[in-house]
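Letters A, B, C and D mark the chains in the order given here, with residues in each chain numbered from 1 onward.
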Amino acid sequence: MSPGQSNMLPRPFSVYRADTLSGEISLLIEIKGKGTALLAETTPGVSLKLLGPLGRGFPDLPPRSLLVAGGAGIAPLAFLAASTAAPRTLLYCARSSEFLVCPDTDLDLPGLSVMEATDDGSRGVKGTAADLLSNRIEKAGAVFACGPRPMLAAVKEICSRAKIETWFSLEERMACGIGACVGCAVATTGGYRRVCRDGPVFPAEEVIFDG
Amino acid sequence: MSPGQSNMLPRPFSVYRADTLSGEISLLIEIKGKGTALLAETTPGVSLKLLGPLGRGFPDLPPRSLLVAGGAGIAPLAFLAASTAAPRTLLYCARSSEFLVCPDTDLDLPGLSVMEATDDGSRGVKGTAADLLSNRIEKAGAVFACGPRPMLAAVKEICSRAKIETWFSLEERMACGIGACVGCAVATTGGYRRVCRDGPVFPAEEVIFDG
Amino acid sequence: MAEKIFEPDLRVDLAGIALENPILAASGPFGYGHEYRELTGFKDLGGIIVKGVSLEPWAGNPPPRVAETPSGMLNAIGLQNPGLKSFLEEDLPRLRGPGPRLLVNVVGCTVEEYAGVASGLEGVEGIDGLELNISCPNVKAGGMAFGTDPAATGRVVAAVRRKTSLPFLVKLSPNVADIGAVARSAEEAGADGISLINTISGMLIDTAHKKPLLGNIFGGLSGPAVMPVALRMAWQVAEVVKIPVLGIGGITTADDALQFIMAGARAVAVGTGLFYDPHLPSQIKTGLLEYMKKEGLKNLHEIEGAARP
Amino acid sequence: MAEKIFEPDLRVDLAGIALENPILAASGPFGYGHEYRELTGFKDLGGIIVKGVSLEPWAGNPPPRVAETPSGMLNAIGLQNPGLKSFLEEDLPRLRGPGPRLLVNVVGCTVEEYAGVASGLEGVEGIDGLELNISCPNVKAGGMAFGTDPAATGRVVAAVRRKTSLPFLVKLSPNVADIGAVARSAEEAGADGISLINTISGMLIDTAHKKPLLGNIFGGLSGPAVMPVALRMAWQVAEVVKIPVLGIGGITTADDALQFIMAGARAVAVGTGLFYDPHLPSQIKTGLLEYMKKEGLKNLHEIEGAARP
């Protein structure tokens, strides 16, 4: 999405909710810097340029899936969580309570259990995503995660030990957003691949974190 | 005045009206480019950074002064016109009627006669500032002018032939606006001088137009 | 009195390549064109310069590879590309056909590699010209780019000249003290045109993590921030060479394009601007046509170099 | 448990000049300081570097001399200045006294002129150091700047070294291929520090009038647009010299200043940013103090070069 300013690169965001009847989509945006601050100032009725949806999303959720969201990583997982009614659990984690931005009501979905954790214990369990996950991994149908790199690296470690199928939605700085410039490359076992076109969702075992 | 955007140089404007009782000042701004467009979008209540007044203004008006304004050059001359009640004439000129932006009511001042001219005749006399001035120069007490370079050069020529004291308010691109950077230099008989500090008002005979 | 109505002619000849209009997609941002074709159908482009092609596949640099800067961006893609063979087999067939003229950006680490890519493209259908990217590391000279040394530039240009019958431009690096010397050297060695500028070397630091923002430490600065530098170099090069100049660097508006043409450029290419808006070339084309109508220009040659004394 | 409360120490030693804080006013934008003293009382500045002083008065370039660019500006003041004698008689007396350290920017067209200004400033009360602006045209070498040639740089630095006992920095031009070579040459010839960068050569064209916007055709690009280039050069120079580096170029925030310090700079100077807001140095100082408190830093040496591998 272009923040409507000239001389600024577009900003990538996940679809948070989509209403196929009305054609409306919602985004959940954490104010991080210049672009998201400008977007936050936008008033209703203003039109923004938006290109999408881009790239490849998550596969279908098997029953007993675990969804692991770190911070703003909640956006694509909330969308994923709403795609089925099968029993599934969302592990929603952040540094502290103010980074758990997703409204409770949006996570009040049939069949979905929600567990929260914060590093400082200001909401939910005191601990990390890895702590929550370790206790639940054995019976998981599959794991879907989105969040900061160190969290994903920890998730990968736990899941590979437990041999559970795992999918990551990755973030990388982008320029074109459509697959042309190879600016958003991430290291994978198949070489550098484009988050915007080949991803953002990749099988966890393909992602190399120290590359 | 800073248009409130970061990474933009400040923009220079003349005082158009000042109310010493209320402490209010008014500016008359022609939308020329990026900065003036941003200023035009500003809504009441927004605070802007303003530095001034800067530099040296016009001397007192002797009776039978002629004020020659080209386009947005009207701003300082409207202010000057309001400084006395002695008989004086404003020659207000522009390319066409839409560049005669000053509201009539603001020029409805005791003792002030106003003559208008446009290059295309769309308002007032069809002709230039030079045409209006040539017919009136003989009896003038002094001439005060502000407007585009070619207009000022023509005014200088007419006034020097008629040996009438003449003052120009000059425009030049600025950076600091306070006299430090020597960015706003204009060529004068005394070398390069600073519009923002030594001017903007200079005696016409000192200004070199092809320098 | 009826005014004469005419449609301005945007066609220009760039080093023997006949362009429908003087607006090209710069090498790199446009990739191999497939994604932009889906998005904009190559609309209103006079030419496209595909991403750098090397003899063998290049892996590219570690991420992050791009960063935003005030009115610009840094990139350190590292010329990731699948190599000549894959370009010819996978990409080129999808680019052939009517539409914008096609130029291939050629990269290498040695004179032999440049010459090898040029040989491999010789006689291949659908290619209208080459652009030699001499900002690449010159491994034999310790990694300084070919383009920072007039003599090395001459050698690589002469080697490519021997291998190709296609018109070719040499794309200069701005990271030099005397761009005119490099341009003259390229002209003398047989180049048909000069394109400039490539990106200016720069970097940013992520203070939260106390390390360079880009995986490669250094990247190339591009976008509107660099336009005054690019325009100055286009002006300086147009002064010392007779072959045509392709102006590149920070162009996002028709006025920017006109500045390059009035400085002496024959045509312009848009890189970073495509990220801001993939439809920028169309907007620039519309702006140029409006300007030409207003000024009564029949073609752009009338104003080529018009700002020069 | 009571946390230890301390006030971070912003003092740094720049080439033997003890600064209260690492924020200086860059040479040029600040003039001879009088106007800014009226406006901000030199508040929160560790040092000021006054505008270039030459042996004889210099008239400067024809207007227009400045132009805005995306996130930056061009200037072609042409080093207008009243000359050494007038500086000593008119300007310096008004600058003496407590407050920021005072550095004088020295300009010339020949080695002798540089040495002459240095001699004239030797032993004069109130001057804490010099900054040699070697971006000036080298008339003996056909007008290319001293700073684009390591050998010429060495000569001018050595000549000044013989004439002055003051600490002096050499200010490098960015318009070179290998900034490290010039910096090393300055260090070997006796410089006490390196300051960089000066402006990047650029231009704009006024398409309405079909002529260059600046009276001098070319001007120097500065401001946030150039920061990535300046930071890269500070990084490269800090790698090859042992003397301290003063980082300059596009700095407008505390984070910008921190990037330079983490790249290896000892202190920073603000030029174009003063035009955006004359109170910028105070804001940067406040930002640095906040950062140091948050990170528990006692002084800035702890993070000097911290982003380097």
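By definition in this document, contacts are C-beta pairs under 8 Å (C-beta built on N, C-alpha and C of every residue); 3 or more make two chains touch, one makes a residue touch a chain.
No experiment lies behind these values; they were computed from the predicted model shown.
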item	value
Partner chains shared by chain B and chain D (touch criterion as defined above)	none
Far-end chain from chain C, centres as C-alpha averages	B
Between chain B and chain A, distance of the C-alpha-averaged centres to the nearest whole Å	58
Inter-chain centre distance, chain C versus chain D - centres from mean C-alpha coordinates, in Å	34
Distance from chain C to chain B - Cα centre to Cα centre, in angstrom	45
Shared interface positions of chain A, touching two or more other chains	7
Junction residues of chain D, two or more chains touched	70-72, 223-224
Overall pattern in which the protein chains touch one another (line/ring/star/complete/other)	line
In contact (per the touch rule at the top): chain pairs	A-C, B-D, C-D
Chain C - residues contacting chain D, complex	69-72, 74, 144, 148, 175-178, 200-207, 210-212, 217-219, 221, 223-229, 231-232, 235, 250, 255, 258-259, 262-263, 291, 303, 306-307
Chain B partner contacts - residues on chain D that touch it in the complex	28-36, 38-39, 59-60, 62-68, 71-73, 75, 77, 80, 223-224, 252, 272, 274-278
Residues of chain A touching chain C in the complex	2, 6-10, 49, 51, 172-187, 191-192, 197, 211
